[in-house]
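Letters A, B, C, D and E mark the chains as written, and numbering starts fresh at 1 in each.
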Amino acid sequence: MSKDVIKEQMSHAPGHVVYTGSKEIKDVLIDVFDYNATFVEEETVHELSSYTKDTDEKTVTWVNVNGLSDTQALTDISHKYDLHPLVMEDVANTSQRPKLDEYPDHLFIVFKMLYHDTDGKLNTEHISLILGKSYVLLMQEYDGDVFDGIRDRIRLSKGRVRTTGADYLMYALMDAVIDHYFIIIETLSDKIEELEERIYTNPSENYSQEIQQLKKEVIQVRRSIFPLREVVNKLEKVDNHLILKKTQVFVRDLYDHTIQVIETVEVYRDTIAGLMDMNSTNIANRMNEVMKVLTIIATIFIPMTFLAGIYGMNFEHIPELQIQNGYYYFWGAMVFIFIGSIIYFKRKKWL
Amino acid sequence: MSKDVIKEQMSHAPGHVVYTGSKEIKDVLIDVFDYNATFVEEETVHELSSYTKDTDEKTVTWVNVNGLSDTQALTDISHKYDLHPLVMEDVANTSQRPKLDEYPDHLFIVFKMLYHDTDGKLNTEHISLILGKSYVLLMQEYDGDVFDGIRDRIRLSKGRVRTTGADYLMYALMDAVIDHYFIIIETLSDKIEELEERIYTNPSENYSQEIQQLKKEVIQVRRSIFPLREVVNKLEKVDNHLILKKTQVFVRDLYDHTIQVIETVEVYRDTIAGLMDMNSTNIANRMNEVMKVLTIIATIFIPMTFLAGIYGMNFEHIPELQIQNGYYYFWGAMVFIFIGSIIYFKRKKWL
Amino acid sequence: MSKDVIKEQMSHAPGHVVYTGSKEIKDVLIDVFDYNATFVEEETVHELSSYTKDTDEKTVTWVNVNGLSDTQALTDISHKYDLHPLVMEDVANTSQRPKLDEYPDHLFIVFKMLYHDTDGKLNTEHISLILGKSYVLLMQEYDGDVFDGIRDRIRLSKGRVRTTGADYLMYALMDAVIDHYFIIIETLSDKIEELEERIYTNPSENYSQEIQQLKKEVIQVRRSIFPLREVVNKLEKVDNHLILKKTQVFVRDLYDHTIQVIETVEVYRDTIAGLMDMNSTNIANRMNEVMKVLTIIATIFIPMTFLAGIYGMNFEHIPELQIQNGYYYFWGAMVFIFIGSIIYFKRKKWL
Amino acid sequence: MSKDVIKEQMSHAPGHVVYTGSKEIKDVLIDVFDYNATFVEEETVHELSSYTKDTDEKTVTWVNVNGLSDTQALTDISHKYDLHPLVMEDVANTSQRPKLDEYPDHLFIVFKMLYHDTDGKLNTEHISLILGKSYVLLMQEYDGDVFDGIRDRIRLSKGRVRTTGADYLMYALMDAVIDHYFIIIETLSDKIEELEERIYTNPSENYSQEIQQLKKEVIQVRRSIFPLREVVNKLEKVDNHLILKKTQVFVRDLYDHTIQVIETVEVYRDTIAGLMDMNSTNIANRMNEVMKVLTIIATIFIPMTFLAGIYGMNFEHIPELQIQNGYYYFWGAMVFIFIGSIIYFKRKKWL
Amino acid sequence: MSKDVIKEQMSHAPGHVVYTGSKEIKDVLIDVFDYNATFVEEETVHELSSYTKDTDEKTVTWVNVNGLSDTQALTDISHKYDLHPLVMEDVANTSQRPKLDEYPDHLFIVFKMLYHDTDGKLNTEHISLILGKSYVLLMQEYDGDVFDGIRDRIRLSKGRVRTTGADYLMYALMDAVIDHYFIIIETLSDKIEELEERIYTNPSENYSQEIQQLKKEVIQVRRSIFPLREVVNKLEKVDNHLILKKTQVFVRDLYDHTIQVIETVEVYRDTIAGLMDMNSTNIANRMNEVMKVLTIIATIFIPMTFLAGIYGMNFEHIPELQIQNGYYYFWGAMVFIFIGSIIYFKRKKWL
């Protein structure tokens, strides 16, 4: 969220709807499903006002709004469903963290969709869900989602979605999102393992930027998912006519999955910290090995150079210089010093 | 808070008002708004006693006190509104942490305004808010604040502020402060990203002082905002006729925003710790690379110097010296050793 | 769990059973024990439908399903015992974390069996236990388990298992698994001690990969066992006719053991962190010692080489060169410098 | 507390009074204040038995015992005020941590006075306070305290102390001690800032011992103050006729101040950890810079020495040696190599 | 606990008594005290069955079992006092962590005695205490304990032990053990201070193994004492006719002492971590100082050697060589370079 957007928000009274995502205004596309056990109808409209079908309590209506940039459309929806003024502010505020607000006539849930774009970059999409007596409003930033399985199940009347109420639809939608988290963390896991593999096989390189990058991705995932634990926990305990008892078993299952994702992410944090440590230790270690060998070479040759210097001196009487084969004796001494040092250092495990 | 001020405070009985901010005594400026749905009046006075307008329960009165250095004025206000003696002590104590105290007739809330001054230094301003049945007392250290939006909304009767009570005004004021926190953390975020960028592009420098500086700023922000979570949480749960049920929904929203700020600050702490690590690793790494190259150069030339020393010796019989073109052969050997070492080190990935 | 399996799971409605373990489909083997204080019968079948014996409440029936790859068989069992649809999804989902779900007619418990395979690799086996009024369903991924002691006790009517109900059998099964954890952590303890020993005796090597390996194993154990604390704690507090009061004392004992395992694992984490530190310090220290000695040698010989160079100069008048025995004096000076330096460095504790 | 003292304590039954402070037995000095709104009397005695004035409920009696080494005197006091046997054991046990014990007829509070002695060393003084219906017993190890302000207020009837009961006196005494903590933490803050300043201005020194020293002081402060949070929290919630409702507002204020001290101490811990990090990084960095420059010098001169060695060789035919001005060409080459290397290293940012 | 013992345990039904301490079977020695306010009797037997004295509720009976290796004797005791089968399993399981189990007729408490053996090694002894209506069973692994003070007090009727019930005896026994912890932590404190002293005075050595050793000792103490907090806390809150109201004041005192021990141990952990840091920093620092000095020496002499090499060259025309006193000028230059470098490095604070 840029500072300009914050300042715009601040200049308005609370409840005023300001879209905080990317500026480019796109058309809002609204997919509407209307179904019960025996009946199903599907329509796509550009304005909710143009959807005039019956939305009474005999059928479940799923209104899926794609695109949040048209704040007027959001305000219209808010009025149509008689939502609390603060709700739409949060729907349009893409940096709103996951939360659950209970209102007398509806539940308002915010959560985050995570996906890797074509460049492998991790993106976060802001999703709002409003559960009413016989409808579910789902508002998301972009087209394209993970709900096609649910759409098929509604169309083909598979599973129990057609025979149950709006609360089960809410569960199914959240379940689809949370299931998708597993894909995300699997991808993360692959990246971590791949990096770990590379650190093991080529330990002398510096991977600290890559590790930091991965760490930031884990933090991003953690930040999107962590508050969801509280949301789902609250959802499980909500004492509200909107959620039937038989649906609560499913919500408990959601909680379970959420915890599992969170725990996995925590393990990744640990693993990444371990990689960072190992990276530092490896680099330092390899570096040290190199420096040691180099220093040993220098250390052996410096005294030898000194000795060569000795016999290069111009003293008038250096007796060794007159010795027959003195030169060869000198070489012998050099070889002896060289090999002796090597053996000595090997024995001391310095080499 | 200096030790002198503490000692002055200690020499007085509890409840005695001692201003702990900067010593220079400035005039107290009091802005008063008096409004209801149909009526609004605005006045600026130097002493509250000179404000004699009706402050009955039919209108909401917002008394905004700028400047806390005149402790006598504060004591007068305290008497006029019949506040508990400890309240004004905390109003004047600028190092008081954020808190909420419930009294039978009023709520007393302390929080902190954060702003960057013209030098980019982060400043903390101590703000006290007292909510009574039909009035809000807001006391702040300096002129200039983030409430101009609210003043405009009162004047122009925008939003719901004119049609609601003092409790909504309290919410609106706190909301403005918390919204401003987002500006502060965005600025922090920019600084962190800018530093991160510089660490990535120029990894060989030592950024530890800058990182430590940033860390201190994050700690300062954290310290001002963290206790607010408890304050707003308490405010949400307060069972008091002063806060109407319909305002509590808005307070819940405040809580939400507070949590979001806190979480972001926590992520910054993490990120800064990561930068510190990366900084150390980078410096060590780059340093090591340099040292390695230098050492390799020395290691290659030391044996060569030894060999040159050999043929500088004055032994009577050094056969190589008489060899035709011996000098060129020697150079050949040197070049061979040099290139061979380079190749050897390259292969071992030491270069 | 691979991404393909996750995607398969996501394409189905919740409650659909997808086996997430290794793909190879094996026969399901079902061992059935039927017993009471005076009677015991044991049978092995391939399909539960072929087990037609009386399963009324007069006897306790223990149905032990080995192999989860045949999802049809699982679905059949689910229908026979009238289990909630989500139960079988979790039974087949081998990455499900330990949990306890309470249903009106049965308790559903997931936990993990840990064992070291023949290569010393730590494996995790997914175990599900369903406790009904007079039966226990135990479903595990592979043949072979730690329950042979219980089987013998049932056959030979040792201990109190034959004279108590299904709830005691559940306790006995869980107790066997938790007791086995002690073996696992003893093995871990041995590995840690062995590595510690090696670090003490040969401190100059780099053990960071081995330590990281051990750390991952500890994390794996921790991850399997940690959620069990909550499970057993919930089990102790469950208010359900399925668990008799006299069995609850035993459950409390389970809780105790679980805590003990967890605490031990936490100590291991600490110990491993300590080993990592010690490893780094040792390597750095030893390296430093080596470098210091080498540098001292070089430092002594470089000035000596300079002096030898001095007397190798070709100045026309270098008086020392003409001195009788000058060469020997020179050597004397060299020996003096050498020994003096050694003594000096020893005194400064640099050697 | 030395082991001898512990062993002496252990050889006695619980409730036996053993003084655990410094061994030198000093006279016990007892200051007694007896006052109500209209009356005040002050006396100093050596034994409480010699104080025979009226101690009925019409006046508040403040008995201030200086010196705990005379255990007999403590036992006498204990009997006179009918205290529980364990109370006096804790009064005399100077290593007792802060706590609040509720007895039917009195509250027993232990806390710590912190002060810097003339050498700047931080000392901890053990203070016990017993609140009865109309008396306050305050027992401290040494003469000299922070209560002179309160004494003056009693004498001169300033503030509300003379017009309120023993519970307010208790509050005033605790408030004085906690206010004094602010002096202590300000002193700590000064030390930390002074050290930080020195680290910034002279980053090449090793400050680790000073930092460790400061850290120990912070730990000492933390240890004395941390348990006070629980004490004051308990005091706020105590449901006891000894503390009047109107005094509880003041106790809440105490709690506030305690939290503020604790939070500040926590920030200091953080800051000190940061200093430690910065210290290490700075030292390593500066060291590295030095080593780099030195190594670069050596690295430039070693090849040059080699070349000089070349032309010091005694080969019969070294053509360069005969070249006219060869010597000057050689010097030219040397200067070229030297300057070239410097430029090269500068460009690579190694210098 | 070895793996063999675990496997033996697993092969038995829960409740089966397996001794997990050292294998050597020793005689069990049972000391029995029987007393009330007016009467005391003391006897030592080898089997409890041979103790046939009256154990009715008129007297308190303290049965002190030394040695747990004879599991048959334990089983006999269990039957005599009608204990729950799981109790004796925990009594004999020396690796059982401290805990409190409440049974209708008795309380079962496990805790650990810590003592340093003659070699200064820290040992842990497993102690079980069972409190019945009028008896205390105390079972410990070895002879010799810290209860002699209590025995004397019973014999000589000192303190309140003879006039109170079994619950006070239980308190006195636990108090003796917890008081002994203070000895242990004082010993630890001495060791830490001694090591700290050595690190300060001789900072160049590597203390990491000693620090790690100390850390393990602190972990061992922590592990034995930490769970005791929960035990004593539970004991304080136990709602059971076995513990009289007047004894609960003493239990609160126990809790206090336990917390104090735990807090001290936590501070030690912190201190040891600080020592580890200081150790690393010191070593690195000292090492760096040495390396710097050595490198400076080398760096000064290498250019000088180069210059000496220059004048050792055999160019035909080196004008300086013919200069009168050229040799002395050369030496002058050398001294100038040497002293100039020293001054330069000193000024840059490199020396």
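By our rule, a residue touches a chain if its C-beta (ideal position, glycine included) is under 8 Å from a C-beta of that chain, and two chains touch if they have at least 3 such contacts.
Being a predicted model, the structure only gives us computed values, none of them experimental.
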Notebook entry, point to check: Smallest number of touch links from subunit A to reach subunit E?
Noted result: 2
Next item on the list: For the Cα fit of subunit B against subunit C, please give the angle of the superposing rotation, nearest 5 degrees.
Entry: 145
Note to self: Based only on mean CA positions, could you tell me how far subunit B sits from subunit E in angstrom?
What the structure shows: 42
Next item on the list: Could you give the separation in Å between the centres of subunit D and subunit E, each centre being the mean of its C-alpha atoms?
Entry: 26
Notebook entry, point to check: Residues of subunit E touching 2+ other chains?
Noted result: 284, 291, 295, 298, 302, 305, 309, 312-314, 318
Next item on the list: Just walk me round the ring: subunit D, then subunit E, then whatever comes after, in order.
Entry: D, E, C, A, B
Margin query: Taking the touch rule as given, give the residues of subunit B at its contact with subunit D in the complex, in rising order.
Written below: 1-3, 6-7, 9-16, 84, 86, 90, 95-97, 99, 101, 103, 204, 206, 208-209, 212, 215-216, 219, 223, 227, 276, 279-280, 283-284, 287, 290-291, 294-295, 297-298, 301-302, 304-305, 308-309, 311-314, 318, 320-322, 324-327, 330
Notebook entry, point to check: Which of the residues in subunit E come into contact with subunit D in the complex?
Noted result: 146, 149, 153, 158-161, 171-172, 175-176, 179-180, 182-183, 186-187, 200, 249-250, 252-253, 256, 259-260, 263, 267, 270-271, 274, 277-278, 281-282, 284-285, 288, 291-292, 295-296, 298-299, 302-303, 305-306, 309-310, 312-319, 349-350
